[in-house]
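What follows is a group of structures, each given as structure tokens.
Below are two complexes that have chain A in common, paired first with chain B and then with chain C.
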Partner chain A sequence: MANTYTLIAAVNVGAGGASSIDFNSISSSYTDLVLSLSVRTTQATTADDLLMRVNGDSTAGRYAYKDLYGNGSGSGSGGSTSASFNYVGRATGSTATNSTFASNQIYFTNYAGAITKSITFDGVTENNASGAFGDFLANSYNQTTAISSITVYPQSGASFVQYSTAYLYGVKNA
Partner chain B sequence: MPNPTRIEVNCETGEVLEIELTDAEVQSLEDARVAEEARKAEEATAAALKAEAKAGILQRLGITAEEAELLLS
Partner chain C sequence: MAAGSTYTPIANYTASGSVSSYTFSSIPSTYTDLVLVSSVKAASGTPSMYMYYNGDATTLYSFTGLAGNGTAASSTRNTNIAGTANWVSAYNNGVSSTNFNSNMIQVMNYANTTNNKTSLTRWTGADYETVAIANLYRSTNAISSITIGLQSSINFVAGSTFTLYGIAAA
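Moving on, here comes the complex of A and B:
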């Protein structure tokens, strides 16, 4: 278990919304990172796919992901072994039940180590009807440089709405 | 009308910036939106075709979906 769990930075999206949320200049002094998201977007859907890049890197082939999901009607899996982004679940979209937000957590193990990065995700969208999802994801980033920035954004090109939040925590093992 | 903004947080200083997107960035988002809608439409079509093919097979075999699930379990 973590010895310390420190809030590094927090974002509360204001009335103007946000097309993306970026945490940069992240210290290498922690063991792991945790990014907690409560997010909803302007996209006309119940669940809007979320993407993530680290270190501003959009190079094709540096990311991979495997998704296991269920939506109440069924389950499935998907993924990519060579992508230009990580897939980090979904935000609740604008046609979902009012004032509901997805609840997501992204865990970056050994983010500053000189190794390929392993990043896990679990999260759910909210909707008082069909079209709510639960996702579990295994992501990887095949570069050995430390992660110093994290950017999350809707794949749809929509914006995060007001009251969406993102909290970045540092976890130390000693 | 102003362009949408993105949020950048400097974790070292704590500074939070709301930066208006450039016109090029806005266009890039619009391109992403159009591509995403096309992708979702394609997925929906593929799912509908798969459902139709599945229904056809069940009818040919003369079994229900529940019976097929039982056979495959």
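Moving on, here comes the complex of A and C:
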């Protein structure tokens, strides 16, 4: 069998929506993790900010991020050196073009190693008007424990809508 | 039709702490694309990481980079540069002893003999910048080796890891 991303778990949001997307009890047997998201929320906006925490940790100062973004009319950069969450781009919101979901990928390098965690994000929203974004992000989590759980949620407090999906893959280096 | 394989490990290397560069050699030509994933920290200073192919460090390289430092976006371009100045990262040295930076380099269509070779890099250092770089090697030779190293011959910290994967289209 060909080597490939190994699917660890999948989330398919149902008719009732979901306030967060959660992966728990993640095995430490892989080298890296890849989380692929196709997401839209109920927030009345075209692009709804997404946050992430690992290991259920909401401790202030354990997360940092640097964002590089463009929105079709300009570009910029933002971030935080001391936060209680990682910033992982955006989902499309309820006022974006119908049936349009953001495409995001989060790569966790050496997620189980005894080092602080360096996490790479690439993602885009789209809207047949203004208010779409492309984001490149550098995230970090400054604890050396292995990542065993991941939670992604809208900063707005809105819910992910039905047909939002999330797939967590493991990648092995041998 | 069988699906192609993705991320098949070709080789991996963990730095011992006493080397400033490493070469993946004898890369098979049987894949479509290559992906080099690394977790890197420098032993001192804030060096960038370079990459060149096939032992060729001549001035056949160029790159365009895009960066965000949390305050502003910026872009950099260098042309006709040597392989040892063909940057695939920003500064590699996190603020703590356990803070390693992530790097993913994708080399598309690496084994063809008709095209110059391009690659896309994503470098992550949340205490410094998020960076995307497009690199060009003006040679149509198939890539059979990749050399990566730190600027000014600074050593990789022990525990820095590098994995080369192959992706087959079918």
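Odds and ends about this structure:
Just so it is clear, the second predicted complex is superposed on the first by the 170 of 174 C-alpha atoms of A that agree within 3 Å, B and C clash if a C-alpha of one lies under 4 Å from a C-alpha of the other, contacts with A are read in each partner's own complex, and residues count from 1 in each chain.
To be clear about the criterion, a contact is a pair of C-beta atoms (placed from the backbone, for glycine too) under 8 Å apart; a residue touches a chain by one contact, two chains touch by 3 or more.
Every value quoted in this text rests on a predicted model; they were computed, and no experiment measured them.
Of the two partner chains placed by superposition, only chain C is touched by A:S140; chain B is not. In the superposition on chain A, contact of A:A158 is made with chain B only, not with chain C.
Of the two partner chains placed by superposition, only chain C is touched by A:T31; chain B is not.
Comparing chain C and chain B on the residues of chain A they touch gives the larger count to C.
Of the two partner chains placed around the shared chain by superposition, chain C is the only one that A:T4 touches, whereas chain B remains out of contact. Of the two partner chains placed around the shared chain by superposition, chain B is the only one that A:A18 touches, whereas chain C remains out of contact. In the superposed model, A:V171 makes contact with chain C only, not with chain B. The residues of chain A shared by its contacts with chain B and with chain C come to none at all. Taken together, the chain B residues at the contact with chain A in this complex read 4-14, 16, 18, 21, 25, 28-33, 36-37, 40. Those residues of chain C lying in contact with chain A across their complex are 2-9, 12, 37-39, 66-73, 94, 96, 98-102, 104, 122-132, 159, 161, 163, 165, 168.
Residues of chain A touching chain B in their complex: 8-9, 11, 13-14, 16-27, 43, 45, 49, 155-159, 168. Of all residues in chain A, only 2-5, 31-32, 64-70, 75-81, 107, 109-110, 113-116, 118-120, 122, 136-140, 142, 144, 171-174 touch chain C in the complex they form.
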